Structures are given as C-alpha cells and as structure tokens.
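In structure tokens below, several structures.
Heads up, the next two complexes both have chain A, just with different partners, chain B and then chain C.
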Partner chain A sequence: MPGVEGFMYPNEVSLYWSVLIVLYPFITGLVAGAFILASLARIFRVEAVKPTYRLALLTALAFLIVAPLPLQLHLGHPERSYEMYLTPHRSSAMAMFGFVYLWYLMAVLVVEIWLDFRADIVALSQSTTGWRRWMYLAMTLGSANVSPRALAIDERVGWLVTLIGVPSAFLLHGYVGFIFGSIKANPWWSSPLMPVVFIFSAMVSGIAAVMLLYMATTRLRRKLIDMRCVDTIAMYLFYIFIIDFSLEMLDLIHRIYEADESFRSLDFMVHTRLYFSQIVLQIFIGTLTPLVLLFLTQVMKLHEVVRKRIYAVAGSLALIGIFAMRWNVVIGGQLFSKSFLGYTTYKMALATREGLLVAIALTLLPLLILAVLVKILPPWPDAEHASIREAV
Partner chain B sequence: MRVFRDAGHLFRLAGLFAVGTLSFFIIRAFLVPRSFGEYGHYRGAAISEIAAHPIRFAGHQTCETCHTDVAQTKNSGKHAQVNCEACHGPLAKHADDPSIDPGKPDTAVLCVRCHAASAAKPKGFPQVDADQHSNGLPCQTCHQPHNPAIAAGGAK
Partner chain C sequence: MTLTRRQLLILLPAAAVAWESLLAGTPEASPNYTMTEHWWSMLIDIPKCIGCGNCVRACQAENDVPDGFFRTWVERYHVDDWHLANPQVISPDGGKEGFPVAKEDEGKYFFVPKLCNQCADSPCTQVCPVGATFIAPDGVVLVDQKYCLGCAYCVQACPYGCRYIHPEKKVADKCTLCYHRITKGLTTACCEACPTGARQLADLKNPNDPIHAFLKTHSVQVLKPQMATGAKVFYNALDGSVR
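Up next is the complex of A and B:
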C-alpha cells in the first residue's frame, strides 16, 4: 500500500485528524498566550508592557472567534454541533470544552474588553455619526456614565475579571492538552505533562505573536516602537521559552528513561518520518535558534535596530517552532501503528474541506478579524483616550 | 447609593447576561426533543423512528425460494456462508416485486472488497493482489461468482 511501511491495522492507514486539527491547538494557544501577556500588564502590573495590553486583548478575541472553525470544518455534520450545548454529555471532554470556550469568550474576554474600552466607546458614540453611532450606542448598553468613579469601579472589576481570566486561559489551553494527554491508547499523546507543555508553549506563541503584531502595526502606523516595551516582552518570552523547552526535554528524558514497549517504535519515527518537523523544525529552528538569539539580546548591549531585527526573527521562528510542535503532536500521534510494527504517511490535501488552502485561510482570518476590531476599537497607546479628550 | 449609580452600566451588563442565559434555556426547551433522556442520553423516540425505517434487506432465505438454482450452486462452494445481499446489496424491493431488475454487481470492485491482499487479514483467508492476479480482467471471466473455485469446474 502506498505510504505504508511495515504493518498497519486497516483503520490506521489514513489519518483522521488533519492539518486543521493541528491549527486548532495552535490558534487556541495564541489566544491563551496573548491573554496571559495582557494579564502581565494588569495583574502583575508590569508597566512596560502596557502599550500592548489592549492589542493583546483584541488579538486574543480575534483568534478565539476563529478557534472553533477548524473543528467545525472537520465535522461531518457541523450544523448539529450546537447540540453539544443543548444536551452535553458529562463524560465528553469536547462537550465540556464547549462550555470552557463559551465561558472564556463571554465571561472573560468580552467583558474585559468592554470594561477597558468603555470610555472610548462612550466617546465614540458621541463623536461618530450614522450607523457607526448606532453601533457604539448599542455597545454602551445605554449608559454614558464615564465619571471618574465609574471608571475606577471598572478598573477594579476589570482587575477581578483578569484575575479569573488567567486560570480560565490556563483551563482553555490546558484542556486542549488534556484532550490529547488523556488518550491512553496512544503512547505518543498519553502523558500527564501534556496539558502543562501545551500551556507553556501557548504562552510562548501568544507572546511572540503579540510582540510581532505590535511591532508590525506600529510600523504600519509610522509610529515609534516603544523599545522598553518590546525589550520587556522579549525578556518574558525568553524566560517562558526556557521553561517550555525544559518541560519538553523533561518529557523526552522521561520517555527515554522509561523506555516502555512503545519506545523503539516512537524513537524510530522521530528519526525518520518526523525527523524534519521534530528535530530540524521544532527543536533546532523553532526553539534553539530563537533561544540563542534572545539570549544574545539579554547578555549583550545591542543597538536598537539590531534588537528589533532579532526580536522579529526570534518571534517568527518561535511561532514556526510552536506550530511544528502542534504538528508533531497531532500528526505524529497518528503516523505509527498501535501494533508498533508499522508507519503510515500523512498526505495533505490541497483544495478540500480539510486541505492546505482552508488551513491558510483560517490562519489569515483572525488577522482580518483583528483588522476590523482595531478599526472599531482602536487599541493604540498614543490614541488612548485621545478621542475622549476630543469629545470632552 | 452613589456606588449603585456609578456601577449602573455593570448592572446593565449583568442584566444582558441574565437575558442571554434565560433565552438560552428558553431556546433549549424548544430545541431539545421531547423524548430526550427518556431511557438514556439520547432521544427515546429514536428507537421507534429507526424501527419505522422501510426494510431494505430481504434475507437470503427469501432469495432462495425463487433462485433455487443459484442457491444450489452457491451452497456447494466456498461462498456458501456469504449472504446473497452481501454481494448484491439490499434487494427487498426486488424480492417483493421481481419485475424490478436488480442489475448485476461489478466484480471489478465487488470481489476485492473482501479479497484484496492485506497483512491484517488472517493468513488462511484467500486473498490476491488484484493487479497481479487478474491483470485488469473482471473476476468473473475466470471465476463463477456463486462458486468461485476454478477446480470445481465453476468456470463459465
């Protein structure tokens, strides 16, 4: 059989979980990571990253809206998926995930964004005309109270929402790791470390994404990049990346030491089918290279321009590395036979419902949504409250 | 009471959530089928709905009442245990009204469904690599489908 080497059970030959299921943890990871970066500014009061606070929130929202789409496209009957909310089964991890998702979207992210932007929304509802005015008026919920006391209350409530939001973000992404980690029939996935590794890699990818988005949007707006801000973000990126990498290595060492009956088969797979995506892309290009680059920025006095370039390269490589990690988990877990005697191949389709083109579209869609969101709710630090000043 | 006035927008938000949650439960009451949960985590009515499906398979005993010749051929060969409709597909309509022509199965796709060589099949099961074995010829040029052993003189 083409693509098959050794012995595969008949139902293992073709993969069920495609590139879209790779994209899904990648996108939710960006949500959780972006939110945790935002919470740095809010909960941990890291003033330096403040300029990215609102952008991070909107980024999280844009990606969260897209997060369930890959799953919908994977379903045979997407039009029935809402039934999961109507009659959820308590033993279904996916059904429970639906509620975690809804909670995170409605009770955390939207509320926090609303509270933070409320003053701007009120100001915009007064300074705009036509349908925009109606949109902003609807968003004020009919309350134009932006007195200092009201804003102070918002600030405190927003803080509380963020406080709830951090464990929620952990839950959201820990859940994705849980779904893989709890599949006990699959030795490549079944590991209690899975949710933890997923959360830390999510933080890496989310922080890298917001850093890149901040640098890119500032560039596009022809404004100066706040170097104190990106330096701080890069520092956090570096530290969290180290933790993430150590955890992954811990998992690896544990597997090597334990060397259970699946080990030879998985080891062979990593050295053959997954060699490029795991060893080359994930570990060398996507992890070690950005780590070394970020390390250099921490120990050497580099010129601003050099630092910016390094951050851009390291951030992009980190994103590639995390995507490769998701790929290796999702695709890698389906390439070997549960008999440990054979391997199959994943052939990505191009223009099908779960093909490459759809995957590319789904990657670009959040950016499109983000572009619309920043039009509606400008998150830029220099414009913050400028509209209010105008209006008052 | 100033706190209440200055937190007014938060009460509006809470109200919106309450309305949202309430409408969820109202919509849910309409959408969840009546019989859901009657016996378990599914629609109780599903059982009678499925039972009400028209019967599509006639069963080999029915076929054999009319096609005694085929039944005889088949029962003397290795396909004795293979049901008529495993190859011919569901034919209850034809059994009710023989003037409906059921057509003949295409052996190029039919036979390999069971006989394509695969390491996952028991060693004793007769299996062939169709490309090498028949070189593209339809299987029934050499095998009589109802009694496929060539040695049995089944060749047509």
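Up next is the complex of A and C:
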C-alpha cells in the first residue's frame, strides 16, 4: 500500500486528525500565553512589560475568536456541534471544551478588555462621529461614568478578573494537553506531563508572539521600541523556554529509559518520518537555536540594534518550534500503528476543507482580526493615547 | 383554558423535552428482545481460522461497509522461531480476498480475525463529547449516527483500530455485532459465513450458551489486556505475538 511501511491496522492507514487539529492547540496556546504575559503586568506588577499589556489582551482575543474554527471545519457534522453544549458527555474531556472556551472568552477576556478600555471607549464615543460614534456608544453598555471613583472600581474588578484569568488560561491550555495526554491507546500522547508541557509551550509561543507583534507594530507606527520592555519580555521568554524544554526532555529521557513496548516503534518514527519536524525543526531550529540566542542576550552586553534583531529571530524561531511541537504531537501520534508494527504517511491536501490553504487562512485570520481590534481599541502606550484618557 | 405565566414556564421545558423525544423517533421494533437479558460477546477460535475472508465479505455485504474500511478484518501472523516481538503481519484489503501463499517455511503462520471488542469499559465511549457512542444494556457498543459529530476522538481512543469515519456519512462507524440481526434471534453475518466455526457469537448471560463450557476448558485471552478495557471478544489459543 502506498505510503505504508510494515503493518497498519487497516482502518489506521489514513489519518483522522489533520493539520487543522495541529492549528487548534497552536492557536489556543497563543491565547493562553498572551494572556499570561498580560497578567505579568497586572497581577505580578512587572511594570517593564506594561507597554504590551493591552496589545497582549487584544492578541489573546483575536486568537481566541479563531480558536474554535479549525475544530468546526474538521468536524464531519459541524451543524451538530451545538449538542456539546446541550448534552455534554460528562466523561469526555472534549465535551468540556465548549464550556472552558466560553468561560475564558466571556467571563475573563471580554470582561477584562472592556474594563480596561472603558474610559477610552467613553472618550471615543464623545470624540467620534457617525457610525463610529454609535459603535462606541453601544460598546459603553450604557456606562459612561468615568469619574476617578468609577475608574478605581474598574481597576479593582479588572485586577480580580485577571486573577481569575491566570488559572483560567492554565485551564484552557492544560485541558487541550489533557485531550491528548489522557488517550491511553496512544503511547505517543499518553502522559501526565502532556498538560504541563502544553501550558509551558503555550507561554513560550504567546510571549514570543506578543513580543514580535509589539516590535512590529511599534516599527510600523514609526515609534521607538521600549527596550526595557522587550528586554524583560525576552528574559521571561528565556526562562520559561528553559522550563518548557526541560519538561520535554524529561518526557523524552523517561521514554528512552523506560523503553516500554511502544519504544522501538516510536524511536524508529522519530528517526525517520518525524526526523525533520522533530529533531531538525522542533529541537534544533525551534528550541536550541532561540535558547542559545536568548542566552547570549542574558550574559553579554550587546548593542540595542543587535538585541532587537536577536529577539526578532529568536521569537520567530520559537513560534516555528512550538508549531512543529504541535505538529509532532498531533500528526506524529497518528503516523505509527497501534500494533507497533508499521507506519503510515500524512498526505496534506491543498484546497480541501482540511487542506493547506485553509490552514494558512486560519493562521492569518487572527492577525486580520487583531488589525481590526487595534483600530477600534488602540492599545498603544503613547502620548496621543494618554491624551485621550486625560481628555475624559 | 387559560395559562398563567408560571404554568407556561413549567410547561415550556416539558414541551421541549417531549419535542426532542418525538424527533428522536421510536426504535425499531424487536418485540421478543429484552436488552437486559443479554450480555453479548464473541469467541474466536484461532486454530480454526483458515483465512478465507468469508467473514470480511459477509460483513461488508451485510452492513454496507465502504471500500478501504473494515468493521472486521483478518490478519495473518508469521512468527519466526522465538522472535515474538517481531512478527510479520499482513492483512491485504483486510483479508477480504484471502491471503497469498506463504513462501517461507520457517516459523509458524496463523490467522487472527479482528473486530470491535465490545469493551465493557470502553475508552471510545468515554471520550465521545456528546455521548453519541454508548454501551447498550446488552453489552454492545453502538453509535447513534444521527447524533455523532464526526470528531474522530473515539477513533483515536480505540486501542484496537476498530473504528473509522464513514467517508460518506462523515460519522464514526464500527462493528455493531450485527445488532439488527442479534436482536431478532439471528447470529452475526460473519459468524454465519464462517465455514469452520472459528467465530461464535456468545451470550454471557445465557447459562445454556456453549461459551461457558468452552471458557472452562480452554485457555482464552483478550487482545491487549493491559489496556483494561473489559474486552468481550475472547480468543482461544492466542499467541503472545498478537497485537
């Protein structure tokens, strides 16, 4: 049979989870990571990263809006997906997705963004005209009180929401890891470390994404990049990356040392079909290279221009590495037979519902949404922005 | 008749539930069948299987199984001497048209028919997000194809590779133990077509079923017992190399 090596159970030959299911944990990871970066500013009072606080929140929202789309497109019957809300199966990890998602979207992210931007929304509803004025008026939800006392209440409630948001972000992505980690039939997935690895890799990807977005948007707006801010973000990225890599290596070493019945099969797969995506892309290009680059910025006194370039390269490579990690988990977990006697091949279609073009469109869609969001709610920490607030 | 607002609020959810049950329709009538009186399983007698593929063909014809997918299939194992960990296994087109003549003389050859193990603690039903796949009171694992989302989580969760997504219906599909037949007192299509009696439908709740005598006198095993799925397809003389 073409693409098959050794013996596969006959129903295993074609893969059931495609590149869209790779995108799903990648996108939710960006959401969780971006939110955790925002919480650094708010909960942990890391003042240096404050310039990215609002951008991080809007990034999380843009990606969260897109997060369920790959799942919907993958379903055989997307028109029945609402049944997950009406008759959720309590023993199913996947059934909880809808609830965790809604909770995170409506109870955490939207509330926090609204509270944080409320004064701006009120100001914009007064300074704009035409349909924009009506839009901002609707967004105030009838709450135009921007007295110092009201803003203080916003601040306090917002802080509380972020406090709830941090474990919620962990829940959102830890749960995605659990979906894979709890499948005992698949030794490539089945691991209690999976949710933890997913959370830390989510933080890496989210922090890297917001750092890159901050640098890119600041440059596009012809403003100066706050080096104290990106230096601090890069430092957090470096340390969280080390934890993430250590956890993944712990998982790997454990598997190699334990060498259970699946080991020979998985080992062969990593050295052949997953060699490029796992060893080359994920470990060398996507993890070790950015770690070394970030390490250099921590131990050497480098010029600002050099640091900026290093951050841009390291951030991009980190994103590639985390995407490769999602790919290796989702696709890798289906390339070998559960008989441990053979391997199949993933053939990605181009223009089908689960093909490459749709995957590219879904990757770009959050950026488009983010572009719209920053137009509606400018998150920039600049003088012109401050003037809007002061005008209120 | 006048309705108060309170009465209406009470009646509306009840009407919604009634409407849902009306939409679900009535199950196909099997007047003499009581689900709780049965606990279905299957016995596979490996030494009796000759790899003719009759069972696979019968299953495909009976259940309209699409080409390239299998509710049941037959594997041929070739175990060379003591190399239990490295058996050579083939199942060309699920063994539907039989097997090529074995070339090598060394080692042993034998056939292993596979099908859904109708697990009592089935991982596939555990993960279904809407409960579209479930264990019936008679022990058969079924899929409500009008309810299934087609997410394929159950396919991933099955340790035996017994499930697939139907390419046209876009829902999970698997062996139902010919539920439409066994609830009418018939045996499954594969058991009926087996020329050697290598496959036998068994009702563990029926004290007169011959399976009880067989289990007492033979060494039987289930596939992948380490998965703790409560599999109910029992294999006689199962070789240690079988996955």
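One rule holds for everything that comes next: the second predicted complex is superposed on the first by the 383 of 392 C-alpha atoms of A that agree within 3 Å, B and C clash if a C-alpha of one lies under 4 Å from a C-alpha of the other, contacts with A are read in each partner's own complex, and residues count from 1 in each chain.
The rule we apply is simple: a residue touches a chain if its C-beta (ideal position, glycine included) is under 8 Å from a C-beta of that chain, and two chains touch if they have at least 3 such contacts.
Note that the structure is a prediction, hence the values are computed from the model and not measured.
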Combined model on chain A: chain C and chain B, fit or clash: clash
Touching partner for A:183 - first (chain B), second (chain C), both, neither: second
Touched partner set for A:130, first chain B, second chain C, both or neither: neither
Touching partner for A:114 - first (chain B), second (chain C), both, neither: first
First (chain B), second (chain C), both or neither touched by A:149: first
Touching partner for A:9 - first (chain B), second (chain C), both, neither: both
Which superposed partner A:337 touches (first chain B, second chain C, both, neither): second
Between chain B and chain C, more extensive residue contact with chain A: C
Partner chain in contact with A:75 - chain B first, chain C second, else both or neither: second
Contacts of A:84 with chain B and chain C, given as first, second, both or neither: second
Location of chain C clashes with chain B - one stretch out of 19-27, 37-45 or 181-189: 19-27
Residues on chain A lying within both footprints (that of chain B and that of chain C): 7-10, 83, 87, 89
Complex interface listing, chain B residues touching chain A: 2-3, 5-10, 12-13, 16-17, 20, 24, 28, 31-32, 36-37, 41, 118-120
Residue ranges of chain C in contact with chain A within the complex: 68-70, 73, 75, 87-91, 93-94, 114, 123, 126-131, 147-153, 155-165, 169-171, 227, 243
Chain C-facing residues of chain A, complex: 7-13, 16-17, 71, 74-78, 80-81, 83-84, 87-89, 91-95, 97, 179, 183-186, 333-334, 337-341
Interface residues, chain A side, partner chain B - complex: 7-10, 83, 85-87, 89, 106-107, 111, 114, 118, 140-143, 145, 147, 149-150, 153-154, 157
